[in-house]
Amino acid sequence: MTEVVDPRPIAAVLISVVGTFAILAAHRRPNVREGVTLAVAFGKFGIIASMIPGVLAGDVYVWSLGSFVIDIPFELRADALGLLFGTLASLLWIITSLYSIGYMRGLGEHSQTRYFASFAMSLSAAVGIAFASNLLVLFVFYEVLTAATYPLVAHDETEEARKAGRKYLAYTFGGGVAVLAGTAAVYWLAGTVAFTPGGIDALATADPTLARGAFALLAAGFGVKAGLMPLHSWLPDAMVAPTPVSGLLHAVAVVKSGVFGISRVVLDVYGPEAVADLGVGLALGSVAAITLVAASVIALRKDNLKRRLAYSTVSQLSYIVLGLSILHPDAITGGLLHIPAHAFMKLTLFFCAGIIHVETHTDDISDMAGIGKRMPLTMAAFAVAAAGMAGIPLVAGFVSKFYLLVGTVSVGNYVFAGALLLSGILNIAYFWPVVYQAFFESEDAHDAKPLVENPLGGAGRSSLAQTDGGRPEDEDDEEDDLDVDPEELGRPDFSGSSEKRDYSEPAPLVDGEYAVDQNPSDHTVDEGDEGDDADDHTPEDHHDTEEHHHEHHHGGPPPSGWTRSGWFGGESTWFMLGPILAAMTGSVVLGLVPHAAVFLRLIDGIVSAVLAGVTF
Amino acid sequence: MTDIVLPLLIAVPIVAAVAPLLLSLWSTETGWPVATVAALIETGLAAVLLRSVYLDGRLVHEVGGYPAPYGIELVGDGLSAPIVALVAVVSLGVLAFARSAGPRRNSFYSAYLLCVGGLMGISITGDLFNMFVFLEITGIATYALVAADRSGESAIAALKYLLLGTTGASLFLIGVGYALISTGTLNMVDLSVRLAEIYTTPGGSRVVLASFGFIAVGLGLKAAIFPLHTWQPDAYTYAPDTVTVFIAALASTVYAYALGRVVLTVFTVDFFDAVPLAQDGLLALATVSILAGSALAAVQSEVKRMFAYSSVAQFGLVVAAFALATPDSVLGGVIHLVGHGLMKGGLFAAAAILAARHGARTVDDYARLGYRSPVVAAALGVLGFALVGVPPSIGFLGKWYVALGAVRAEAWPVAVVVFLSTLFTLVYVARLLERLYFADPGTAATPAPGEAVTDGGDEDETADRVDSRVPDSVSVGMVAVVVLTALVVVALGFATSGFETLLDPVLTEVFSQ
Amino acid sequence: MIELLATRWAYAAFILLMVTGIYMMIANANLVKKVIGLNLFQSAVFLFFIASAYVVDGSVPIVHSEGGGGPYVSPLPHVIVLTAIVVGVSLTAVALALIVRIYGEYGTLDEAVLREVSDD
């Protein structure tokens, strides 16, 4: 491994900082602004990609800005692990930028300049995290990332978005404090916080209790962004953000920065061996295993598509953490490979959710029956990515999960292996209904969704469609328990500002138009709703229901049913379809020829360097 | 001969303070130019001092040629030089702000220069009684400044400040008295040697502890450490906005520096080792101050008052740093003193501009001002995040060193509070930022630009009442000061090595044992 | 205890004056009386210094050319007190000026009334 002094790591970080200001300066000219975004995105990826051959050959690119605090330099290093994350984030930023343009313009969103500027800043921070050479520099960018993504989470400027933003800040800055405390503790124990492949030697010999404490602080701090339970709950709420944000940041850059932090801590600060010796690996793995099963179970019951995807993200991130917590090359390879694999697949899924929202304003899965004929390409991409999530061969998810499974079985941890398999089955259980009803059901003939519609523990009534006649008056703030009434030709007009409609009266009908066209700007709806269509609310979601009741969604098929679009992009603009197909292709390429894609080769290098002195 | 800058630093503003009063016989508009010239000279002198200390270390001047410990020493070292630089730069910046923000009377500028002289004196004196004199000079000038807009409220606030401030200074004087009686000297370095002889003898530590207690409580009162802070929110809130910027950035900063100086140079680390009660007491006071100040800040509705309570918490952090008395924490304390001075000054200046433009005084008034004053709001956001401790900023640097010092000293409760103080600060900063940018579009009141000056933004105030605190108009210079502060705060986030070089000789000397 | 009071009565007076002064500042609603309390408190501190400088049978600290003549009273506390008196006088002046201003604005010097007036 040779260190090469090279300004490219710092250039990759700074290019989008400069871009941020250029975007702000061009706020009056949207086309210039978007041009800047794209140019910066391509430039950033170009800079990072140009380092890949060298790093694969064993070089490390280093650029130091001098001393940051005493004995800790402000230094950026592009090593294999950093490049893995940096390449991923910058490549997907290009795709997301294109998609953002289509999405934001399609919805006529406000504050687009702030949106694109914050996005560019977030990417700077993400790449800074990737190339940080020690824990403190990593922390710096970790905090910048939090600050830069806050405007994106609170973008909608509604009470719900503000709440999500507050929660986001509280959780992630709380995590930041833990990271800082852990960093200080490591510095105190070891005298250095620089990343060393295989771990800092002084830590392995330090007082085990204190070392465990420092590890717990770091893992908890990074675990917040990595969505480890019980620190995950900001993530579903943050889905109130525009979908490209959910896609790139809350499935790739932000959450992966947490995972990346954990991988740095495990691989380069403590080293897998010390992690195993201290016994913290098992603890971390157990938290991850619990998270990945529990989040999958919760995802089953989410009717809002983006929320379901968010819980799926929580679950999938824990695959990575689980892989890292096991001292076996295959497990670590699988965990690291799941970083890009999950990124491509989840980005596809989020983009699909976004395009459905833009085109039909449908957010709930129960409104999506038969949507396959309206958006065939989108739903096909969704199906492919969902299959990958579940670990079906030929898609990226299979390769990484296979490695993980081999790794867990090799070390003889059958509980973890069982958790992985169980979660895989649950993945199918929560993704298959979406795909199935999109293609094989129609809006006027579809099955009930007992899991989504019934309260936990079951309700004392049939889940089949029934009329709501004869319900007491005082329940009029409850939602209609039918999602789509098969008999009804028109849909009730819930739109407008009618504060409280008397649901015992028939609603005025909207004829021949999408609800969307009536309400072009009703973009944020009820991500907070959990059991909205259930008749009998559990106490915890009752609050949510009341909160958002007045702005209940207007999604679902138009009165005349979904119109049929062809397979050639008639469903939306190519600004959005293109990125979806690109991301989907990425996940298939990663699944078909993992070694041809650069990620696995980077990972092989990382794993061999980290485990150099370990024998199995 | 560079040591001549030390007496000049004090003499220039005090002499210049007389000029506006005399010149007002001729013209009432002479205050600002005189003050600006004086402040420019001060900045130049401070730069010379900083450079000299940076390159050659400690600089000493014996006033009147009388050698220490008989005469008064003026000392420029790594501890005092950054504070001197801060005082000089901020007083210049505030003048740029005051150009159009007012107050414009000559007497205001006299008090202003007197205050600058006093602050400089506290920063560089090496004599304990001399410090008391400068404390009182600063105090008198500050009381006059707080009441400079001649409103009833500010007069009440100033009187409250005067009563408590003088009590604090008198307690300080009693503490000095104990030290003088037991040692017969007032020179700080000399005192540290002689006090050590006393507290190491059996039973001798009581008188030193009493002296320490009086001095710590006296300076704690001046620096507004909880629960001795009660004068401070009123004074900050009711003072004219220009004055608030000035005293929030400098007054408490210099008092907290004085506490640090006394702890480190007069009583020294050995005293803490010999009498743990002193250290524990100060740490407890500081920790409680962080918690209580943050909690009180979070519940305020008026922005100036929120920032005022925030200062209570931040000075808790600084005092904790000095009380921990480790090389890391002292470095952190000095960095945070300078950083907090800049950040809080910038925040109050931003608040003053928003008050002048939009009549915004309360957090609610700030709704969506991010779109109507984008530059100032953005600077306020940067300063706010810096105050939280988001890197890269000087706010982060200070916190890092204080926290590291606490961890290395294994003072776990302090470490926990220091780390959590980030979150406490976040509570009120995030509240403000959310209001600035993400408030419901409907809730933002849209007063006409001219209206702002007359109604002061307070709904409950009668419309005909003029808010005398608010600047009359907003000039480019005022906005520039705020933006520049925000940039400097971020840039100084990379200035560790500078602070380290400055402080290294002091730290080696203080922690030599 | 008695003996301590008899020999150190100046210090007892110091404490008495100081406590009285602080009590006046806290308990008295009238602003002028608060300032008087402050003056008392400061006077107590001056007394403390003067008492500390006293030497039994000490003479004025002017050293004759031929030397000797000790013991002398310590001059340093006297100088300090002189300075502190000047400071105290100016503080009182500023305080009274503020009080005049407050009276002109509100027509009262009662703290409780002032709080009521300025709160609404």
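In this document, chain identifiers A, B and C correspond to the written order of the chains, with residue numbering beginning at 1 in each.
By our rule, a contact is a pair of C-beta atoms (placed from the backbone, for glycine too) under 8 Å apart; a residue touches a chain by one contact, two chains touch by 3 or more.
Note that this is a predicted model, so its numbers are computed, not measured.
Of the chains shown, whose Cα centre falls closest to the middle of all protein Cα atoms?
Central chain: B.
For chain C, which other chain has the most distant CA centre?
A
Quick check: how many Å separate the C-alpha centres of chain A and chain C?
Computed from C-alpha means, the inter-chain centre distance equals 69 Å.
Let me have the rounded angstrom distance from the C-alpha centre of chain B over to the C-alpha centre of chain C, please.
28
Could you put a whole-Å number on the gap between the CA centroids of chain A and chain B?
Distance between chain centres: 44 Å.
Give the list of chain C residues in touch with chain B in this complex.
22, 25, 31, 34-35, 38, 41-42, 45, 48-49, 52, 74, 76-77, 80, 83-84, 87, 90-91, 94-95, 98-99, 101-102, 105-106, 114, 118, 120
Taking the complex as given, what residues does chain A use to touch chain B?
Touching chain B from chain A are residues 65-70, 74, 136, 139-140, 143-144, 146-147, 151, 154, 157-159, 161-162, 165-166, 169-170, 173-174, 176-177, 180-181, 184-185, 187-188.
Considering the complex alone, what residue numbers of chain B touch chain A?
Result: residues 328, 331, 385, 388, 390-392, 396-397, 400-401, 403-404, 407-408, 415, 419-420, 422-423, 426, 430, 434, 437-441, 494, 496-497, 500 of chain B touch chain A.
So in the complex, the part of chain B that touches chain C is made up of which residues?
So the residues of chain B in touch with chain C come to 129, 132-133, 136, 139-140, 143-144, 147, 150-153, 155-156, 158-159, 162-163, 166-167, 170, 173-174, 177, 180-181, 184, 186, 460.
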